[in-house]
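The first chain written gets the first letter, and so on, giving A, B, C and D; residue counts start at 1 in each chain.
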């Protein structure tokens, strides 16, 4: 891992020479530069040993270490210069394609799910969301319908010809979610559940990773790297609000993360305005802002009767509001040179879904 | 100030009665409610004495106090239900009008200022910015040209027929800034410099207040209240990024503050993408996001030779990039039912500037 | 869940009456209070249905809902007024007992572990830590020795007569960790891995839960509630630094969380200065500050050769520094009326370890 | 300003040579190093021109710039290796001396001030605080007694033989505060009111600077640099809580800032537990934590009748509680090798106050 070690101010030449020797003995190639106030040692080598940074930082005479290469490889723009465009059952995700993922927060009943799916498909959503395993702050809250919910989601996806996405929260559930859903969602609270990332990384289905409440963009990319390192190259990133002192909304949507992540990575970047805001009236302005800033899509909660929702009702849009938002989204996408996916159009829905050799092949 | 006092769990009836008596003796009207686990006392009265909240919070037996009314009046939506639309030398600011304030960070020379002013006017900016008093983190940095800079700014404003805005950082400078500029800017670092707010509140020129790096939207509205309370009703709010753990950009643009402030206040809400990002490549996506979210305008730094700028060069747009951004801004404003101000059009530039009775009349 | 609904300002009497009816139809008992500017409705009932808060918040005419009871029960001071004192293999944890948990970050070899264990026992640590499953930001970092590490830890615990603690990161590993270690550690990144909390909640071994980087104290107590709700009442809380804009150290130690958690909960509250600081020179001052603020203990990383550590070397104390810190800790504990556990003293090590009916009894 | 410029990955040798030329033309001495993945250019020179960093950052081919020297000089440990110990009217502040500044938040009446001064002197405070100019969030709150309050403070200081400290919030008030008080306090909201810093920097009285709610420690040291650069070398730093997502207390006390500031600067570092906590019950544990972490003192609000205080009553300690805290503070100071100043002891109160040549000499 390439780095710059800034030395302490009081070192004489012998001390610097000794330090160079110690760095070499760690297997790194050091190179000394001197400025007016400081001596710095630039190092090369040590590929694949992230521990070396800490080890250099602790050497006698080193003040601090500045990294000069990113710790991720497969997720980086250096690895793939052009945008990754995924094909998810014929839907193209990434690059100029803007996709809207919509559906209820939790799958509560077959009727409700089908009603919402029909409405969001009609308004222009291209992927159907619905939660079967719900991570809830309180052990006394509704925890989701589990496998029964997954089956309903699969049926709705087939009925409306939409790929489906659902959250997986436990390594033990990866197999059942793989069986019924088209995409894995790894939620913000599990962004650094590394065993879970490794497990979904062994499959061939797309993994949609939400940024943790306090995760840096680098950490989000490192979580993507966990999945990518297992051979699953179908990863989507999602900004969903970070925790700050601002308490007007549930989380502060970090809209600048969209262009920042796009600069550093080739992976598609989505935004979740529903969880960021926690209030349905703010979902449309934040969704429009996300697409104006260049996002590859948004994931939005829609509920036909939100005041009876078993989960996160206050942030769910009514279908009519969702339709209005979609109309504005389409226009804004075009202003920034993007295009919201439409069903049935030539060139938008042509290839069959990738049918890999199955799971853990 | 209306509030709800939540009592401690272990109080008997006598203790509650005693507490009611103490609250009455503070001049408040108490009203007791009991829930399964808690007793609460709702209070009325005490208008104009914000200290009462702390005094109730300290009474024996009170666990905590929840405010149920906002601490600001004149800045609130309750005070003025419809959007305030300011007339600044014929330019309408607020409501559906989207205005772009542009110019160099600091006024460095007459030539540069005129060059940038010509370019931003041509591209569609309606108000000219330029700093003469610069608050800088380092005492060794360029601190601005002071009065000479103000004179140049006035000349440029007259030459290009644009109202001007500049920052004021000291109560002793309010008079000279009033003389030469059309609008006061109170910067993020002075948002709670209350003496400065009181002083500009005694004038009749618009005050553009930037949110502090760690200020809540309520505190921003309280700073507006300081100006409004002195009789100056021409206040504009500006979100410019908050300080969070996210370190990819200088400050995290809190785009959700735009709809939140608009819900709570009748005052126009602008966004400063330049200071939020600190990097010019992020300015256009953040500006577009701001207008998509409903902002009444943006304030943007433009420099014709940013790598020689004496201040904040890395965030200044080149004139050509600014023009491209303006074209997209106009379209996005229309998608959300707004309209970027254009010069010379009927209905956009009709009224003469308000000519008040002067300063501290 | 008891709450106060603050109504919108423009409601007439009929609207309030209608709202009261809707609240009653949700199964809650409403009680109306009027202040000068606002009407509020206090509600009782709805025990065990946390969704009701969101449902009330969405009712037509409700501006916002303020909770007046905490969402946790078993973790609260109301549930158990006096401090919980755990007996962990004869060591008392909580109340006036201050315990120091020490050991290497990761278990790297039997030799190193025994060397460090001997040193920390000698200096006064009462519980031995060591990581076998390491959650690492990078997939390319050392991930721990797994089951082999657990066996070494068990042997060291037996050799030095110290209870042991190790991190568990996957529901699939709960059984093996249960077999070899005396306490489960749930790390900051898994604080809201609810399936993991449920699984350790089904055992009878103590669970040490670290606060997430962006978790509120309420959320930490809700995570404790997950464990407690499964019947495992042996929970310890740990503050380990939160993520803020301050970047001098890895995380900002929130020392005020110690008295805040102790006021709200009966559970012991520890502090982890090593992970907060990320630098060994700051570990002693932060550890002393924690005990001065009343913490029930600290968890500290010690390494006899930290510049060769495979994990988090820069924050590991040398055994000699650890000993110096212990001497100061003992004195500070006494100033605040507490006492650092010493081995072999009467009254400190009397009861045999609780021997429950085994796992998932 | 010494720095390391990390270049973009795709540069060929000609591009690097061109870049070296451009850096030289800025007056800097460049030195090229190459690692496996990156080329970096270390630069020297450019002393006294902080703009150069931005200018290098913008050069074609530069990815980012890493500073390798701190931007402050006079405030740094490099400038003065040993702790600065101030003599304030015979009281020694800094180094091993721990001083407690105490008094009411605001000066409300002569009687109250004298009552509190007598109590805190008796309990062991060495410096008397009291606010005459109060910066308040609300324009409708009590704003302080101004000059009348300063006169009362001076009288109390003389009566009890204690140096006095009071806040100054406006450049126009520096003269009157200088006349009546012994130390200037610059509050958190004015930490970056640079004109105010320059003005107090022209005097010869000590300046106590509180860290802003969102200020980094580097920014706090830069504010100290503003004062020092004007020739006033008597500066004290104060950590008083930062704004984070944690909302249990008003501000999160960043206790690690104490050792961090002490490592980087020779100036004394105090802590204000009262404003951090906002609740009196948390003041003693936070004060003890601060002294355990090595602080040179604390500043605490004390009020003999806090429930009638006109300002910040909930955080004021009663005199009896203050006395108990002082007893613990003395013991904790000794554990860490410090000593709380006591009046009348040999060696603690020997030198007369520095009597400079007056103001703006």
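Here is the rule we go by: a contact is a pair of C-beta atoms (placed from the backbone, for glycine too) under 8 Å apart; a residue touches a chain by one contact, two chains touch by 3 or more.
Please read all numbers here as calculations on a predicted model, not as lab measurements.
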Taking each chain's C-alpha mean as its centre, the one farthest from subunit D: A
Chain centre separation in whole Å, for subunit C relative to subunit A (CA means): 28
Length of the line joining the C-alpha centres of subunit C and subunit D, rounded to whole Å: 33
Junction residues of subunit D - those touching two or more other chains: 214, 242-245, 247
Chain contact topology (line, ring, star, complete or other): complete
Subunit C residues within the subunit B interface of the complex: 2, 4, 6, 9, 29, 31, 33-38, 40, 42-45, 47, 66, 68-69, 78, 243-245, 247
Complex contacts: residues of subunit C adjacent to subunit D: 214, 216-217, 242, 244-249, 252-260, 263, 276-277, 281-282, 285-286, 288-294, 328, 331-332, 335-336
Of subunit B, residues touching subunit D in the complex: 48-51, 54-55, 57-59, 71, 135-142, 169-172, 189-190, 192-195, 198, 212-214, 219, 222, 225-226, 229, 242-243, 306-314
